[in-house]
Amino acid sequence: MLANARVLNLEKLTASDYLLLLEEPQFAVQASPGQFLHIRIKDSLAPFLRRPFSVAGAPPGKGVLQIIFRVVGKGTAVLSQAKRGTSLTCLGPLGKGFKPTPGLSPAVLLAGGMGVAPLLFLAHLLAKEQKKILLFYGVASITELLPLKRFLPPQVELHLATDDGTSGYRGPVTALLAEALQGGLKPGEMFACGPRPMLQAVAGQNRGWNFPLQVSLEERMACGLGACQGCAVKIRQGGESSYRMVCCDGPVFDGQEVIW
Amino acid sequence: MVNMADLRVRLGPLTLKNPVMAAAGTFGFGAEYAPFFAPEKLGALVVNGLTLRPREGNPPPRLAETPAGMLNAIGLQNPGLKIFLEEELPRLKSGRVAVIVNIAGESEEEYVILARELSAVPGIIALEINLSCPNVKQGGLQFGTSAAAIAKLVSKVRQACALPLIVKLTPNVTDISELARAAESGGADILSLVNTLMGMVIDVDTGRPFLGNITGGLSGPAIRPVAVRMVYEVYRATGLPLIGMGGIMEVDDALQFMMAGARAVAVGTANFIDPYTVPRLISALDVYLDAKGFNGPENIIGAAHR
Amino acid sequence: MVNMADLRVRLGPLTLKNPVMAAAGTFGFGAEYAPFFAPEKLGALVVNGLTLRPREGNPPPRLAETPAGMLNAIGLQNPGLKIFLEEELPRLKSGRVAVIVNIAGESEEEYVILARELSAVPGIIALEINLSCPNVKQGGLQFGTSAAAIAKLVSKVRQACALPLIVKLTPNVTDISELARAAESGGADILSLVNTLMGMVIDVDTGRPFLGNITGGLSGPAIRPVAVRMVYEVYRATGLPLIGMGGIMEVDDALQFMMAGARAVAVGTANFIDPYTVPRLISALDVYLDAKGFNGPENIIGAAHR
Amino acid sequence: MLANARVLNLEKLTASDYLLLLEEPQFAVQASPGQFLHIRIKDSLAPFLRRPFSVAGAPPGKGVLQIIFRVVGKGTAVLSQAKRGTSLTCLGPLGKGFKPTPGLSPAVLLAGGMGVAPLLFLAHLLAKEQKKILLFYGVASITELLPLKRFLPPQVELHLATDDGTSGYRGPVTALLAEALQGGLKPGEMFACGPRPMLQAVAGQNRGWNFPLQVSLEERMACGLGACQGCAVKIRQGGESSYRMVCCDGPVFDGQEVIW
């Protein structure tokens, strides 16, 4: 559960997004889509806490995990300087991932920005189950577009939205999805990851649509293991609401059970 | 064969197999860290702050990273006494771990009930009264900052409690020695210090306090100099055995607390950074004592005062 | 041309050209940082803690690095009032810098004399009463931790002092709001907070306290969450304008203090890391206000309470 | 006074000692022996404060400063990983250096361990003044011996002591010096740098010998500029004692004026 994962490669994908390849055969076998690693970025007091990152892929037989991350603060800035051949201590694979239901097809994936990372991994699982897969992917602008082709199984149907219209649909990806549904798309189930407002919007709309919807959430974490009770989100189940932990009860929750 | 140091320490009525404990609220009920090492390695496991009734805790965000530390505002989320006794304690007992239960009440009566009920069940080696949790409106800071209130509360709990009684002090006070003496006069067997310093972070993007609870408790290496100072002071002010904590990450940090006067130490935040911190410190302490030719922790406890 | 924000801030009777000051004891008498930038850029320069008589200060070591911070136990080494007036003040006045003098006394009378004498000379825009220096046996912490003592001292100094009066509060207290209100009732015009947290480090090689003075004052980013929380609290407790400080390194840190309620901020420890910190923050604040379309600091002061 | 000095090279000299070459032409011209740089090791909160290091040399016309340092803690450990081509922000050259008196010869340099660093630079100045130079250099063991030949002018007469006798004289370097003085050595002046007990010992003995003696001291520093009053040492001058600052009144003081 704690491993020294070797940095095999670090590649810049966009102006601020990176692909990190970590060699850790056991984690690579264990990891399932939606799970994450809790990475100690540096053996130093700054950055202090570990940082959580979704597993974006674990190509079979390679013993390697893919992490795609965006530089947003001090920790990710330091991570973007990681040197090939060095090691990062990682806790993982942590959390409860996506649970696709056999037979429900097509699978609709909804990704906002970096939220696409765990969905890339999920797409491979769904592809193995021979499902039809649609990925609705929204970013702010063309410059933030990740080269998804490299990470997706070929059969995934990609629907692209940019806030500024520099590529694909102009507007929020949730609007693009809503249009597709109006146009006759009938998801068997939906999986979403991205900024909270996007998830909240789709969960809200889904109260009308009512498809099975799994969402992957983010919260500030300390332990990553369920011990500190820090990463709380409010969940309603069977009429009762209580705080659950993103790190061990999630990060994937039933979209209709989350209290936003 | 080399002579190995004997790591056992005595704290008044309590004897620990080694002086390194896991601090309240940072080690859950032990299960979360079991995949890393057997909890019985711990000098003791102080389990999650327990209240009489279940508490749902504070709204998120509950955590914020700060320079060399973190803020938490968990708000004592816990299942309450009943579920603890029915579900968590049996699991804990099966693990042969030395369990100390950290309790918090919203009133003196709640503390007394908790102490009485927990004294009645086997498998607990001591109680730790948390009179200093800064994240709970009731049952928190008011008890912890008045000497008279502490003395009164501790003596009531003392009467209800057959177990060794640890009183945990808050650092958010003008004169911690005064409060230590109050706890002593109330009948505490052991003092533990420090709990978190009250702090806050403002989200400059929104202009609003970042934590759901507005303020939170600061822990980690940032507070270590304050915590060591308080242990040093309290050592001079009372005759009670002390448990020191606040920012311990490495064995040198633990040594600082012990030299300042702590007979045992507790590790909190560091567990989150390195889950193996406690066993690592136990081994390092062993190596240190051997290298110095000391036969036990006694040789270093309070050294800074000699 | 873009509309530039007006950085001026008013703190009661005092108007500063910008809200970023150099904190007492960290900027000497200004000469040391003159090679880096003109001291007149500073919102104000709070000069070295001044006492009536010369003080030789504490025995070394006086400094220790700590996680994201440092301890100091300078012990108010300073040349005393007479030499300050004869040698340092004339030098300072020639630099067109807004000078605030930080004073400490061993008795109420000393504070009063200092205030009277300094009020009588031109070239000083305000006095800051340090009633919280933790490194001096006399004249230090006792004044700073009792509300009654603060109210009495401040009102005496108030009577002797024609200048705007800033009272600097210590964070080493149970209830900083109470002390803030005491200073207000005594007649303070402005409050500044926080001074350093009392801490210590033990040298594990020797087993002895590391600092010559045993304890020292903790400053730097480590204490920022505590300092921001106190500014936030005191903003609610008094109507006085506040100067916030404690671990400010970057403009976001300054913004936190201002959003928490500070009308100006002071930079201490960060000067040691980057001597250009103050001018850097002034520019960054300017850029921030412009980018937000704000015409001055007023837009952000106290934002966290709205 | 504040510069971004470029790391030209970092070379391991012994198991824990390094030679750092910093490119900073202005500092290189300004620096005089005994002065130091106050280096920000990393733009991070850990290590937090700057670290002081003596200038060990500034070969004329090169625009380069030599720093020789030992890894003793977190800051120096990080510094030993400095990458070529990156920059370090340095305050410098700071402090008051050694002041050789024209005509006083031979010059005797007394170095304990890393204390040799500023004396290497001094030796070049003394050599320019055509003085006879003796360097008494003590280390714990042969493994700690720096390759001094590379850094010293050829005319310097080297007297070596190791605590364990693995090279040169066996015993403290102060004892070796005392023997040389008994054997007839008559220093014109002496310059010493090293651990405090060594300096204290030689200053004590010098009360009998009574040569001009300059010692370079170390204290914990924050500002490095005289502003914080942190780096105090007690100095007796004209019958009165007071605290002076190592960073601006020193680091070089008159050996007979220091109160140990």
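We just call them A, B, C and D in the order they show up, numbering each chain from 1.
In this text, a contact is a pair of C-beta atoms (placed from the backbone, for glycine too) under 8 Å apart; a residue touches a chain by one contact, two chains touch by 3 or more.
If you're wondering where the values come from, they're calculated on a predicted model, not measured in any experiment.
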Task: Between the pairs C-D and B-D, the one where more C-beta pairs touch - done: C-D
Open item on the list: With centres defined as the mean C-alpha position, give me the chain A-chain D separation in Å.
Closed with: 55
- [ ] Averaging only over C-alpha atoms, locate the centres of chain A and chain B and give their separation in whole Å.
- [x] 36
TODO: Quick one: report the Å distance separating chain B from chain D, using the average Cα coordinate of each chain.
DONE: 46
TODO: Would you pick out the residues of chain D that each touch at least 2 other chains?
DONE: 45-46
Open item on the list: Quick check: what residues of chain B touch more than one other chain, meaning two or more?
Closed with: 64, 66-69, 220-221
Task: Category of the chain touch graph - line, ring, star, complete, other - done: complete
Open item on the list: So in the complex, the part of chain B that touches chain C is made up of which residues?
Closed with: 64, 66-69, 71, 145, 172-175, 197-202, 204, 207-209, 214-216, 218, 220-226, 228-229, 232, 247, 252, 255-256, 259-260, 300, 303-304, 306
Task: Interfacial residue positions of chain D with respect to chain A in the complex - done: 44-46
Open item on the list: Which residues of chain B touch chain A once you look at their complex with the stated criterion?
Closed with: 25-28, 32-33, 35-36, 48, 56-70, 72, 74, 77, 220-221, 269, 271-276
Open item on the list: Which residues of chain D touch chain C once you look at their complex with the stated criterion?
Closed with: 1-2, 40, 45-50, 89, 91, 219-234, 242-243, 248
Task: Contacting residues of chain C [partner chain A, same complex] - done: 67-68
